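Below, chain A partners chain B and then partners chain C, in two separate complexes.
Take a look at the complex of A and B:
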């Protein structure tokens, strides 16, 4: 049984903020490949082509028969054979989080692994393993109770592997659109203390404004991603009080490259989605990074919601897909930078949204509620990349299997 | 498996310990040079005289034995680099002995040296091995303490060994250390103090852990004729074993590679565990000492607790154990920690100990255990040294 989290007391502004370290981050290429799959929420181990045995730790050849190894999804069960509570460490990150419980787990897949233990797990228990990412973006095996226990997500050790919205203060960049509003509501439902809800044009009313701004916990803020001054002003006001940033801003217009696309639409889309993302990151990344280990509501994540077609391009939405592609590239680089400071950078990828800009696209289309659910799931699980809907999942699966083919298919 | 050929025409001599320090601003090269200087003082030989050099270290990077040879002005016709830490002493002994026996080399200086600068322990651990960087140290970064805590947890449960049993081993080793002027731990340790020590990684407590330090150890392997010419006391190598990555299928390590080859050791040595006058067992943690008491054939694993209760492990006791205090009381000088069982065993059979002499010591059982590559020690070895000629 885990003690439920309570919102922290107001922070003494005179106290030195706790410096956030990341856990040891030296890894082999094979372990990095494991991280890439962990980021998608998979539980994988390497399996030998020849003898079919699973192996761990990550290797480059099978230790049983020297065959080639492949990453494959594996059963998540395990038994904890031995456990210890680490009470002394020379590592700066773990020193700050002692005592730390680990165990030797016999995985149902076969191998033994040293794993992090949830507080409700002890020696001899059957457990459910998850493959998480640690704060540095590296793979981490975490043993959870086989069955849900009370306040399980509040376990202090587990919480360092997630960016759970509970008791956190979150900036959602675009409250004027249905997606931003749905994300804001879902975050409050998931236990967020406050959602600062961006409004690019406070003098103009927007649909749903009265309803969303009346919700307890919503704090409307002026925020225009195309205006550097507006972002800097907000960052100066909120910087040290924002624990998670969720960027839902989009500028989607139909049109091709040689036919039917407007240059002004492309410019607007690049300014809002690409330059806007960089403005947002430059204003908030330093403040998030400085508070990455600041107690139960430490800064935790930067989430970007973008079109899956950033991976492939998309016939009929060439400019918007180009903006999404640039967005994914910026997010990938930002992820590498933030991994040095312990902040997770997450991508929520969507298919065409069921909105006024996709009227001519046949269903299925993603709803704002689905996007909101994906944002919350990614934060609660610590997952790095998540597809919000069926279209996004379909494109992602095809792209992972055969990128060149999928690019052709999506641009026919 | 073929019977091991005897080590005829080979002797071991000139044990050297360069006194350890907790921290050192010197390098592994300096410590290795210090060990050679002391070997030179004992033997009257210089860089041009040694035609073999065997080296072990964790902190000499970027150099290996090659860099060390040029750094220290040697010109050997036989050299070896042994990267196995705690197992390196026995392995150096084996390799050098066969080199000498085959005539590839006449006079081998075996040297283990490590420095311990401020923060070098953390840095060594952080980049220790691929498996540990990928899959053990990111899990709480308890270092070897955490890995051996998991091993100790399983071992205590499986074999009914208790902290009181470990206390007896540690207290005896501390008592042995008190006569060793070089031991870093100079205060007596009581059973109560052991039991009351603060936990480090349950069930490992403070006095189960070695103190990392800087130091160097060395010995010489040569022919009986050469040793006689130099006027050195000598020991014979009766038998040895070595095994790596044994019992990989055991979920948690509760036995080491010795268990696979122990019959071969006693059979080649032509004696029994009751015939040794002392045991110098690798002791990074007392659980490993207990494991070896069984795996080396001194007792049955199920009766470990009774066996420990029945014996006195001090220098004048029924089974003198780690008579210099072992790493637990003398300090763990990196790879030199894997040499000190050899040098101390050698000193005792040559009757030139650092501290008190095991009465009438003629035969020593020596072991090595090294390299926690991931979740267990991978390398094991053991040797039996017998007094040959005292000069």
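Take a look at the complex of A and C:
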């Protein structure tokens, strides 16, 4: 069993914060392709066109027959055939996290692989493999116990591959909306120490305020993503005390491009969701980055909740989809920047939310609770991109299979 | 005109015999704006984005890009702001004669009534009683309603937006008709976020201040501060809206000149 995590002591103010090293990103295009799939929570290996063998680590051609390789989802089982404990390393990150247990796993898919081991896994065990991303965004295989063990998620090696909310302090940007409130509650339920809950207009009441602000662990903060000064003020107050940022702010209005769309709505969407995201990142990214290896509650992630229609556009919600598209583009760039500092950048993608701005959209619609569950799952698994609901999943699957077709389908 | 009039004023300003009172709230991102039902377009609050501050974006200079609605902060309402004033001549801020930007003000103190009842409604009867006690409202004056509402800025009680709407004082139709047609006011000047009462959308006719003032070419001044520093009669308001082409209103700096005899 794993020793359960306890909240960290306050930091000694005389100690220099530990610098969060990230291994240099020297991986191949094939490894990058594996990372992209790992980010979606898939367990994939390359399979040869000709000899049908699965291969690992990622390569450009089949090592057996020189055939072409394809990424395919694979069974997650494996057996640990050997284990070893690394006690010295020249890697600037790992040398601070020694000893480190690794093993050789015979994957059910075929290949042998060097894998990271959960503390409850030993030689001879059958294990459940996960394809994780390390803090630099590189793919890595991690062996988990086949069956859930107690406090399994608290394993110190595993926690370096996730952004688990447990004992972390989390900023949720928009507490005025049901989504932000559901996310805040779910994060506390998942063990977060504190949720700083943003309020864009502290002088104005909002639905659910009394209930959410009374919850132990919720700390209301003034935060308006359209006001640079407000974000800078909050970052100055909280910067070093926020381990995860979750941006749930949205401005959704119906309307087309040539017909029925309002320019003022588009401006509001872009200002809140796009410029606002950049304001938020500029204010909090430096402080997060400086604390990416700062003990059990090291800064870990920046999560952005956006519409799946950022991938495709969406008839009837053209402006909101444009904002989502810009948001996804910013998040992609931010992910690259933050990978160099050891902070994960995650996208939670949603279908139409069951709120007052989607009254005319027929079900299924995603509930705030589903979005909250997806946020927690992404953090607990370290997954980069997650779909919160069936609609988002369906659009994502179609988009991955045929982007041009899906774009047409979503804009009919 | 006597050549000495303006030079006398200049001397009085220099000596402090005429004081300049700032009636303007600070334009900041936090300053509340009027809130409409969510399905309508919303009034954009003041926003400021730094362009440079002696940095790589401008090494020796500091300046900001600002944005806002025409009706954010302390602001001026032109007749074109309301549908009733849409066809009037010179009904936008760029077309209003500059002569109208300086006018005397009569201050009607309803602060006690407003403190007792946030929904206090100013009526013609109230104004007639007020005139018997204080004197007749002279023509071509701003009529300023002192409510001390400005002291609520920075609290939820400024907009005072409850689940049944906003609660703040304002005039009914009879009072506005009286001010416009019988006292020929230049406009109505208030400390609240609008010239109308918070509940005025439920009045008959709805929003009488906006409707009647602007329908008759009169102006509004809103979100003023310091009306309690003005005498009942004798102060002069300087209120020059930005010259926005076709603009319905404008944030502006409003000051009042107060002579020592008023003090």
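Quick note on the criterion: the second predicted complex is superposed on the first by the 410 of 412 C-alpha atoms of A that agree within 3 Å, B and C clash if a C-alpha of one lies under 4 Å from a C-alpha of the other, contacts with A are read in each partner's own complex, and residues count from 1 in each chain.
By our rule, a residue touches a chain if its C-beta (ideal position, glycine included) is under 8 Å from a C-beta of that chain, and two chains touch if they have at least 3 such contacts.
All figures in this text were calculated on a predicted structure; none of them were measured in a lab.
After superposition on chain A, the partners chain B and chain C are seen to fit next to each other with no clash.
Once chain A of one complex is fitted onto chain A of the other, the partner contacts of A:112 are limited to chain B, with no touch recorded for chain C.
Residue contacts after overlaying the shared chain place A:230 against chain C, while chain B stays out of touching range.
Between chain B and chain C, B contacts the larger number of chain A residues. In the superposed model, A:362 makes contact with neither chain B nor chain C. Legend: residue contacts after superposition of the two complexes on their common chain; A:102 is shown touching chain B, with no touch to chain C. Contact with chain B, but none with chain C, is seen for A:81 once the two complexes are overlaid on the shared chain.
In the superposed three-chain arrangement, the CA centre of chain A forms the vertex of an angle with the CA centres of chain B and chain C, and that angle is 140 degrees when rounded to a multiple of 10. Once chain A of one complex is fitted onto chain A of the other, the partner contacts of A:123 are limited to chain B, with no touch recorded for chain C.
When the two structures are aligned on the shared chain, A:89 is found in touch with chain B, with no touch to chain C.
Put simply, chain B and chain C get as close as 36 Å, counting only Cα atoms, in the superposed view. In the superposition on the C-alpha atoms of chain A, no part of chain A is touched by chain B in one complex and by chain C in the other.
Against chain C, the residues of chain A that register as touching in their complex are 203-205, 224, 226-230, 262, 264-265, 268, 356. The touching residues of chain C, when paired with chain A in their complex, are 29-30, 32, 35, 38, 41-42, 44, 47-50, 154-156, 158-159, 161.
Per the touch definition, chain A reaches chain B in the complex via residues 23-24, 26-28, 30-31, 56-58, 63, 81-91, 93-94, 100-104, 106, 112-116, 123, 134, 138, 140. The residues of chain B lying in touch with chain A in their complex are 121-122, 125-127, 130-131, 133-143, 145-147, 149-151, 153-154, 157, 198-204, 248, 251-252, 374-375.
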